[in-house]
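Across the two complexes that follow, chain A remains constant while its partner is chain B and subsequently chain C.
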Partner chain A sequence: MSAPTVTDGATRASVPAAPRKPKRRVGRGLLWAFSALVAFWLVAPALVVIPLSFTDKQSLAFPPTGWSTRWYENFFSDPTWAASLWSSIQVGLLTTVVATVVGTAAALGLARLGPRGQTLARGALMAPIIVPVIVVAVGTYALFLRFRLLGTLPGFVAAHTVLALPFVIIPVSASLAGLDRRLQDAAAICGANRWAVLRQITLPLVAPGILSGALFAFVTSFDEVVISLFIQSPYLRTLPVQMYGSITRDTDPTIAAAATMILVITTSLVVVASAVALRRIKHAR
Partner chain B sequence: MSVSASPPLPAAAAPPPGRTRRGLRNGSLFLPAAVLLAAFFLAPLAVMVVRAFTDPQTGLQNFSWFFGDAVQVDVLIRTFRTALIVTVVCALLAYPYAYLMTVVGPLGLAVLTLLVLVPFWTSLMVRTFAWVILLQDTGVVNDVLGFFGLGPVQLIRTTTGVVIGMSQILLPFMVMPLYAVMRGIDRRLLQASSGLGAKPLTTFVKVWLPLSLPGLAAGALMVFISSLGFYVTPALLGSPDTALVSQQIFTQVNGLLEWGRGGAMGVIVLVMTLVLLAVSAGALRLLGGQRPEGRA
Partner chain C sequence: MPADLQSGGASITLRGLTKHYGDAVAVAGIDLEARPGEFLTFLGPSGSGKTTTLNMIAGFIDVTAGELLIDGQAVHSLPPHKRDIGMVFQQYALFPHMTVAENVAYPLKQRKVEKGERGRLVTAALAAVGLDGYDARRPSELSGGQQQRVALARAIVYSPQVLLMDEPLGALDRKLRDTLQLEIKRIHAELGTTFVYVTHDQEEALALSDRIAVFNAGRIEQVGTAEELYDAPETVFCAQFLGESTLLQGTARPDGGATLVEGPGVRVHAGRGHHSAGAAAVVVRPERITLVPATDDAPAGNAVRGRVTEDVYLGNGRKLQIELPDGSAGTVRETAAARSACRSGDEVWLTFSADDAVVLPDDGASAPTAPVAAGAAA
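On to the complex of A and B.
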């Protein structure tokens, strides 16, 4: 590379490196092709559950040869499948409420700490993402066995909330970081007490962060398998646990119908949450 | 880990009047989270550690059983090997992808980000089930291999199948920190390097690679640690013959009611995780110290 030398330092680095040489363009093309393959590898496999759920045969052969909606009918008429969906929704919604309230409070507390305290507290609050879930699951099982929380709604909600908290704290903290503190000060000068400032200024401004946190909390709970496998009982079993059992036990395409519904629900929630988060970032700039 | 999502606070902390009262208020904001974490995260960990050393009686017998049993040691080695392979596969796939994210326009970036985020949040059960379908003996992957005259290969119930599923599921954990670090690299350094006569390959090896190393390290750490404790995917794509530590824990506790042994294995996984975190935190600090100042 000799012809175009360094541009003057004033131009920003984000100027796209213009493909000046054909060799470079080939390189970029290869990079795109490779990344497209990676994206395909990331996205495509999960999609096989959709056609499979409409198969007309009692088999998990893919691709299906005939079509029907009987596995959806089966899902909603089978008491165990329908009950597990209902349990998952209940646990998910309650977890969302608890994790969002508790996580938002913690994020507000974090924002008021000094840099050192913040690193420490953040580390403690994020720990549940880093420690292997299987380890937490065994301990939770022992504890729940002792305190008779196995297969109970409060038990599920408490266990899921701990896992969901980091996913509330991250977006709410990011929202708070983009907040103009002068607005809160202005409100305080105008005579608003702390509670009024929080309710009328801070919370509305970080609402997008709270909303995306709430959605992520629901998805975390709706998806959780490992701890749920340990703390389930025949009376309370969430949808992923039911699916786990079904995969190990039988070849019943009802599970594909369940998987398709989960896929649609979680994907739309995540797309909404990401859109909200992206809009917030744009506004903050 | 909040690698990607925590921009630094703009203004410094607020002025300090009334420190004690404020401290109290802060405390009450953290209180619910602290109580929940103590009761449903720390307490379970503590119970497991205590069980490991006291069940059935006080002592180290659970640990000596583990390290004295060739089967368990094999499982531990297999877990490490699998985690290592998964980490390498993820790194090879994620590195070019994350690099592309740093050079495309805003629309391209949004698309590439979404393509990583959506699978990241797609149900683990759904993705694992999809792999069970694809990798089964008469599945699509074997059909394709057969078309090229390469099949059939047994994929499900083998370590290969486990690696395929795990590396696909864990790939976002590698892409996100890599991108977060690469985004911060000052591209003028590349221009400077080529301006001084370095070939593109030299620029890559001597400038880009070292600067992106913290991201690679963070991603590798996330993937490796997650692999060590992964349960659902290896359990459904593997077999008892390809079991990883997490499956052994499940069997000991849920199947055999051997709380002490299961707890001991949990302690081993936990300690390995913490050691890895400590080592890499030290390494990152070292890297960060040497690193020529990239950010503007």
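On to the complex of A and C.
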């Protein structure tokens, strides 16, 4: 955008540049204002929960008039809330492991397929992104009912893994596409068998993609509601499900505390992982 | 060069080696033998099948048909990591997440060489390529020439019997190429390994090789030493691809001990070559031709009329482009000592001895006006 303006100014050096400047400054100011507005629109709903979680009233009225940490105390002392957080973390971590392993393997396999096979297989693996979640949820419910997986940990992990897979396959495939194929040949001719090439060359070089996939897998699982609502049981209920149940029963601000914690956990994960990925990329260059 | 890096070179035998990609034929049945310890170069235009052949030797791609033996053993079913081959790639292919020392140690680790021995060999290999003291650097912190030296060290550190190089100097500038050429030649001489080297740069091929295999369209046109290829080309393609040449086309018939070739404005005797009937091309190298100012009477012996179109002074001599009777172009080189008075625009006689003329079958594939372009298009 700015390139034409720059050449413009450079080629017409004889024309005094001063009169153009204020105009440009106004334009830039408008751009900033607009960007700030969009940014606010995007994050405001999320940020509202932070002050709400520190309210001293038994209501979700915004803005809060007094402050306290009682809803956090309540969160950790109430067994249903604490248990649901623990369930979410368990399901999230297991989903991360399964989806990352399976998704990375799938991406490696996809890279070896011919163009037609790749389009087909990729389409199938990406389906969970495209098919409406509610449809997947109903189907999952029916299947889990039949196989007695409703409300079980393996059930949750299986269901979340399906949703998380595309988010692993996409970044790992992108990393693989950027990998020089000759490196694998070079390793092989140096005496490395297939497994050694995979472990010592391919995986370390696509690690940033795998890491970002793992992160997306965790986040996908951690805030999944629709399918979880269908397959929950009183014994196994993830945090978002517990929150949804809570808000339909009462307006207990504990939900705001829970939301704030989800926000903090996911955001810090993304920040840490991006920092690590950046470091790795810099290292590899 | 320390003795640890030396290896007995293995022979490589290709018999009817063929590679098809669907309907496309990349390599169309090659017969070739690299002798133990030899420096053999694959020379040929782009797309002629050099890389494909090399990759089959390395085991990166499957063989469609034919035999491939290393040291007399068929290796078709061996994966690359079991072939005991070293390879240097055009784009270096160093592992970016490892240091220089780790890169060079990589093949030794795969072979479970014990740590102390490993360190010693890595040091020796890096010293052999003139890179001592760079152990801790990452490949990204090295210049192209240095990266290729590391790649070379990585390929020789485990003393493979065979070293393959696919245009290893292709990504480097002229000057660096000359330096590294000398080093590669020296390393070859010291190691005793069989080298198979791919290039499309004929000067490089001439400078390095014991023998050169000239590739064209998936086949080998000729295999021989640089002298053999230059002095006794067996096909028009070879004559044109390697070095400069003047080509005279006509029909051949035996005449005494020599072959007489007659065509439009051409009537010459060729004393060499094995072709004495049918469509023929006579090849004469540029320094074998003497220019004589045009007179009405043809000089005795082989003489072809022409007109000088270009006259380039080269310091140590001159290079002249001549337009021949059939409109094609010939090339003549004169040393400073033997300069004629002919200049651009002059009518001349091209004279040469029958012993310097090689008669070859004219397959019609040649385009005498632009030798190198013809090579590339073929």
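Observations
The rule is simple: the second predicted complex is superposed on the first by the 235 of 285 C-alpha atoms of A that agree within 3 Å, B and C clash if a C-alpha of one lies under 4 Å from a C-alpha of the other, contacts with A are read in each partner's own complex, and residues count from 1 in each chain.
To be clear about the criterion, a residue touches a chain if its C-beta (ideal position, glycine included) is under 8 Å from a C-beta of that chain, and two chains touch if they have at least 3 such contacts.
Please read these numbers as outputs of a predicted model, since none were measured by experiment.
Using the contact criterion defined above for the overlaid structures, shared-chain residue A:T161 touches chain B, although it does not reach chain C. Shared-chain residue A:K57: touches no atom of chain B or chain C. Look at A:I201: by the touch rule set out above, it reaches chain C but stays clear of chain B.
Of the two partner chains placed by superposition, only chain B is touched by A:S35; chain C is not.
Legend: residue contacts after superposition of the two complexes on their common chain; A:A259 is shown touching chain B, with no touch to chain C.
For chain A, the partner with contacts to more residues, out of chain B and chain C, is B. Look at A:A186: by the touch rule set out above, it reaches chain C but stays clear of chain B. Residue overlap on chain A between the chain B contacts of one complex and the chain C contacts of the other covers 194. Every residue of chain B that touches chain A in the complex is listed here, in rising order: 1-2, 5-11, 13-14, 22, 25-27, 29-30, 32-33, 36-37, 39-41, 43-48, 51, 93-94, 96-97, 99-100, 103, 105, 110, 112, 114-119, 121-134, 136, 138-140, 168, 171-172, 186-188, 190-192, 194-195, 197, 199-200, 225-226, 228-229, 231-232, 236, 246, 249-250, 253-254, 259, 262-263, 266, 269-270, 273, 277, 296.
Contacts from chain A toward chain C in the complex involve residues 180, 182-183, 185-194, 196, 200-201, 204-205, 283-285. Residues of chain C touching chain A in their complex: 58-60, 79-81, 83, 85-87, 89, 91, 93-97, 106-107, 110-111, 138, 140, 154, 158, 164. Chain A makes touch with chain B in their complex at residues 1-2, 5-7, 9, 13-14, 16-17, 28, 31-32, 34-35, 38-39, 41-43, 45-49, 52, 60-63, 101-103, 105-106, 108-109, 111-115, 121-122, 124-143, 158-159, 161-162, 165-166, 170-171, 173-174, 177-178, 181, 194, 216, 219, 222-223, 225-226, 229-230, 240, 243-244, 247-248, 255-256, 259, 262-263, 266-267, 270-271, 274, 278.
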